[in-house]
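The structure is given below, and queries will be raised subsequently.
Labels A, B, C and D are assigned to the chains in the order they are written; within every chain, residues are numbered from 1.
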Amino acid sequence: MIYSYYPGCTLKDRAKQMDIYARKCADVLGIALKELPEWQCCGAVYPAASDEIAPRLSAVRALMNTEEGKLVTMCSACHHVLKRTNFDWNRDENFRQKANNYMKPETPYDGSVEVIHFLELLRDEIGFDALKEKVVNPLTGRKIGAFYGCLLLRPGKVLAFDDPENPSIIEDFIRALGAEPVRYPYRNECCGAYVALENKACAEMQVERALNSAVAAGCEELITACPLCMYNLVENATAHKLPVSYFTELLAEALGVKEG
Amino acid sequence: MSVNNPNWKPKIVAFCCNWCSYAGADLAGSGRMNYPADVKIIRVPCSCRVNPLFILRAFERGADGVIICGCHPGDCHYTSGNYYARRRLTMLFSLLDYLGIERDRTRVEWVSAAEGAKFAKTMNEFVETIYSLGENRKLSDIRCKKS
Amino acid sequence: MENSVKFLTETVLRISGVDPRKCMKCGKCSGTCPNYDAMEYHPHQFVSMVEKGQIEKLMNSDSIYLCLGCMACVERCPRNVAPGKLVGAVAQLKLRQQDMNRKGGNDVAAFADEIVPQQLLMAAMRKYRK
Amino acid sequence: MQKIGVFVCWCGSNIAGTVDVEAVAEAMKTVPGVVFSTHYQYMCSAAGQKLIADAIHEHHLDGIVVASCSPRMHENTFRKTAEAAGLNPYMVEIANIREQCSWIHKDKEEGTAKAIVLAKAAVAKLLHNKPLTAGTSAVTKRCLVIGGGIAGIQTALDVADAGYEVDIVEQRPTIGGRMAQLDKTFPTLDCSACILTPKMVEAAQNEKINIISYAKVEKVDGFVGNFRATIRKKARCVDETKCTGCSLYMNKCPSKKGKDEFNMEMNNRPAIYIPFAQAIPNVAVIDPEQCVKLKTGKCGLCQKVCTAGAIDYTQQDELMEREYGAIVVATGFKPIDPSPLNEYGYAENADVITSLELERLMNAAGPTKGTLLRPSDLKHPHEIVFIQCVGSRCDENTKRGKPYCSKICCMYTAKHAMLIRDKYPDTKVHVFYIDVRTPGKNFDEFYRRAVEQYGVDYIKGMVGKVAREGDKLMVRGSDLISNQQVEIAADLVVLATAIEPDPSARSIGTMLTASMDTNDFFTEAHAKLRPVESPTAGIFLSGVAQGPKDVPETVAQASAAAAKVIGLLAKDHLVTNPCVAGSDELLCNGCSQCEKVCPYGAITYVDKEVRGPGVREVRRVAQVNPAVCQGCGACTVTCPSGAMDLKGFTNQQIMAEVDAICL
């Protein structure tokens, strides 16, 4: 299977591992991730105002350049921005018109691309049962908490990724790799990264709550799909500290392709 | 969209079943939910009482749009009347389409007795659609037109 | 740029797509807001103050920069009001005023170090300046 | 040429405010056929009706058009007026110029023009009206009550009291419904069982009442006065006539994994059980999902200990057909499942419970024998948080719950809080609320007692997150009055979940062709004036099936429904609707299409000698049974030869209306 792939800015640098491991795993799973040519940053935040057209244009370009029908994202934020922009494109005539006027594309984007997160690909296209079969190095005995954060889940109706109040996709993923998923109440709350630069204390407070919740429930390590969560959970941890890794790293470990 | 007459007001006939949609229209009224006066309602016991001939007659006599409202599927007071209506009208609409009457000039909508707001919304939308389509000239018997 | 109460209120309502009249004043948004204590005005106050046209007060408060953008209030609001979208819209309106950047490009760039992820810098660029 | 009179009603300012009634009356004078036209302030008043009667006499009218409110309001009034004045009641047409004109338009000119068109359409139709005579049909003097909760029981008792037979069909093995699960009732704090069980016994002992438990209505045919219902009585594998309710089997049954539905599934029960001590009928039932004998063929212990020989593993479902004159829907409610609103953590914390679960935890017959212990570790909770409006009052687009107020939650939460503070004074009780709604006799006083006398801490605001931390539940919410976000370390969290109609209601509504609203509550014939009747004749509404209610309201409505049933059953004959189909034998080609579409089987074909101009031969022609026809008109449209028509809504009449509207 060939999928178009949108790595996003951070996966080329600070979150390199997430990208590297994803590619290795894709090889094992028989998936071709075809990186979009000349992609640009997705914009990092979905604009707060519906009349902001320009901040969504690079996302539209990514969608327009997708040839495979499905565009795979790895980073929570890219997933969020691309999916919401795609949603807008198919529902907001005004946005579509203005974007087209601005970009003047030869053939305007027809709205047909489906944006999926790599986790959705694992769940819906490969299936966690099939994934389990491919595990050569089961992570038996490890108690792992999923940190969903906010961007992956909300707004639930637009992203349609999982139940925003009671998600299970990452837990099912952890279980497929042979480890024990640990559910804890703050797994779907915000890590506070967006204010980390402006107000470190606020970010620290969110991280403290999340880690406290995870530790109390018995998590020994956390995984995430978001470079912001990763940064924040590690850099702004105060009282509690837990090892945090990207979900692709865990996957690579279980599939036996982490090293080399 | 040739609206020659600037004072043109559309003529819209709404067939409403007695049990759901007519009651829904009453509810829209008691809730003071506005919709244009161009809509005139004819009460029928059930949407299945709407003979395709009534609709043809309406267009012949100069109607610009015809809407048929009935109980939601499964909720028909007479158990199955709305299913008959749905089947018959689907056939009729494709015939009308063939005759050159735009598909949007006819509509079927399910409105329950509790859905006053839906009734008003439906009528507002429908009238707007008819305005955008303009005056209907197909089928209409010119002898019937007031000059 | 025009600054009348009417203009500001209408703009916020338009660009946020929020209808504050749907609010039933239950306080769910403020009960769920993870950054409540840091904010001068809380999510439910954004809703009622926008409805009353007190946009300038909100624009001049640091609360608009303290919203985490996590959408917990948007997801959990029982009335589909989406208070978080109002916070974002007021912040956006502030940026559109002349010389109202929270931080300049160089200020944001100064945050760059070996660890801060690019997307956070990018987000800051978007959130703090025009 | 007919002589038609037109009567335009002002309805005070309701019509006259946006319709120039005088102009309408004036315009109607020029319409062919109209010989008299006038307007009056309140046409439905005694004086207005007299005005109509006088005009009928004076102008020898043979038909009248009343331009007024909806025919759903006053068509009958004016038909009676006409009849009293010697006119056939079906020579009356109503032009709806209130609900469908004056109330929806603001512009007077536009309203007036439309009113004239509507009145003209009514005249056009009336010109084709024919006098109709209503027939009669017999009434089966028996009533079916669907649902055996307090609503169904009360209706049955009242109907039986008037001397009519009543069947109660209850889907569970016992009657009693939700009220049987309650511990105490507000605002008097009566013990719920103490006031309910005597009613249950009374129903069981009343010889006019037949309780058909563990059963469901599968099919209903017919019409008011003449319904025929098929009832499936599920196999309980216990002979009701033999079982003594001894419960000897209880300890013998090896299967212990059945969930105790009566205790909200908080504990297990054996495969053979009686739901609760006061169950009626006091007869055991075997759960086929859990019974070892039924699943594997090996066991039979209960049969061995049963001295009455009541156990019969081979029992089959039984289908019974019964005839009824009236049907009462008393299907009740259930609390919604709050799991999707998982910020409250119901799905993953045993100590987050619903209010109905709390009722069972506080009840002496409940899983903890009435001692308030929290489910996870059976410890006494010392700090309890109640959360109101869970899944109520939600915008429909959020998909987070119901758009309506569930009405009973404010009061039962005050009750719970008060009872807990009374019994366990060392327990702190907090209530997060949006509004406290107490419109009922002694309700607000009751709530104030909870606050002032029992010190219940009411916090205005909602909860955003419930998170387990160790053995505490951290409840974070807003306190809007003190403008703070608060966090409470609770031992138990109780959710006042919204109530919704019992899941069986939807299929019953479809079966009865009784209309329902978008929330699956049954719709009443008129929201103010006919609140216990369905628009479908012969169907009556009792209890929460119609909308959220507390016990006293339910009982009041149940008795009201009974009064309506009695009024119906007291009649020997009902006047039938004369607006039925009829076939023109000369035109009928004998194709049988109409017979196939008739939902009532009202059309039969007979070989008959047909006589007409130049015709005299035996033909196969359609015949409509006017007592069975309900007048939907499906046959009229399906008839290829145009032989079938519907009285009161003939092709000619409707065409005339179309013409009048379009021209």
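Please note the rule applied: a contact is a pair of C-beta atoms (placed from the backbone, for glycine too) under 8 Å apart; a residue touches a chain by one contact, two chains touch by 3 or more.
Since we're looking at a predicted model, the values are computed, not measured.
Peer 1: Between A-D and B-D, name the chain pair that shares the greater number of C-beta pairs in contact.
Peer 2: Of A-D and B-D, more C-beta pairs in contact link B-D.
Peer 1: On a C-alpha centroid basis, what's the spacing between chain B and chain C, in Å?
Peer 2: So the centre of chain B lies 46 Å away from the centre of chain C.
Peer 1: Report the inter-chain centroid distance for chain A and chain B in whole angstrom, where each centroid is the mean of the CA atoms.
Peer 2: So the centre of chain A lies 49 Å away from the centre of chain B.
Peer 1: Determine the centre-to-centre distance between chain B and chain D, using the mean Cα coordinates as centres, and give it in whole Å.
Peer 2: Centre-to-centre distance between chain B and chain D: 30 Å.
Peer 1: At least two partner chains per residue is the criterion; list those residues in chain A.
Peer 2: 165, 189 - these are the residues of chain A that touch more than one other chain.
Peer 1: Residues of chain D touching 2+ other chains?
Peer 2: Chain D, residues with two or more chain partners: 343, 465.
Peer 1: Judged by the touch rule stated earlier, which pairs of chains are there in contact?
Peer 2: Result of the pairwise touch check is A-C, A-D, B-D, C-D.
Peer 1: Mind listing the chain B positions that touch chain D in their complex?
Peer 2: Per the touch definition, chain B meets chain D at residues 11, 13, 19-20, 22-23, 25-26, 28-30, 32-35, 37, 40-46, 48-54, 57-58, 61-63, 71, 74-81, 84, 88, 112-115, 120, 144, 146.
Peer 1: Please give the residue numbers of chain C that touch chain A in the complex, ascending.
Peer 2: For this pair, the touching residues of chain C are 14-17, 34-35, 38, 65-66, 68-72, 74-76, 85, 87-89, 91-92, 102, 108, 111, 115-124, 126-128.
Peer 1: Where on chain D is chain B touching in the complex?
Peer 2: Within the complex, chain D touches chain B at residues 70-72, 96, 98-101, 103-107, 110-111, 113-114, 117-118, 121, 509-510, 513, 515-518, 523, 535-536, 579, 597, 599, 630-634, 636-638, 646, 649, 651, 654-655, 657-659, 661-663.
Peer 1: Which part of chain A faces chain D closely enough to touch in the complex?
Peer 2: For this pair, the touching residues of chain A are 157, 163, 165-166, 183, 185-186, 189, 212-213, 216-217.
Peer 1: What residues of chain D sit close enough to touch chain C in their complex?
Peer 2: 343, 389, 393-395, 397-398, 400-401, 432, 434, 460-465, 476-480, 483, 485
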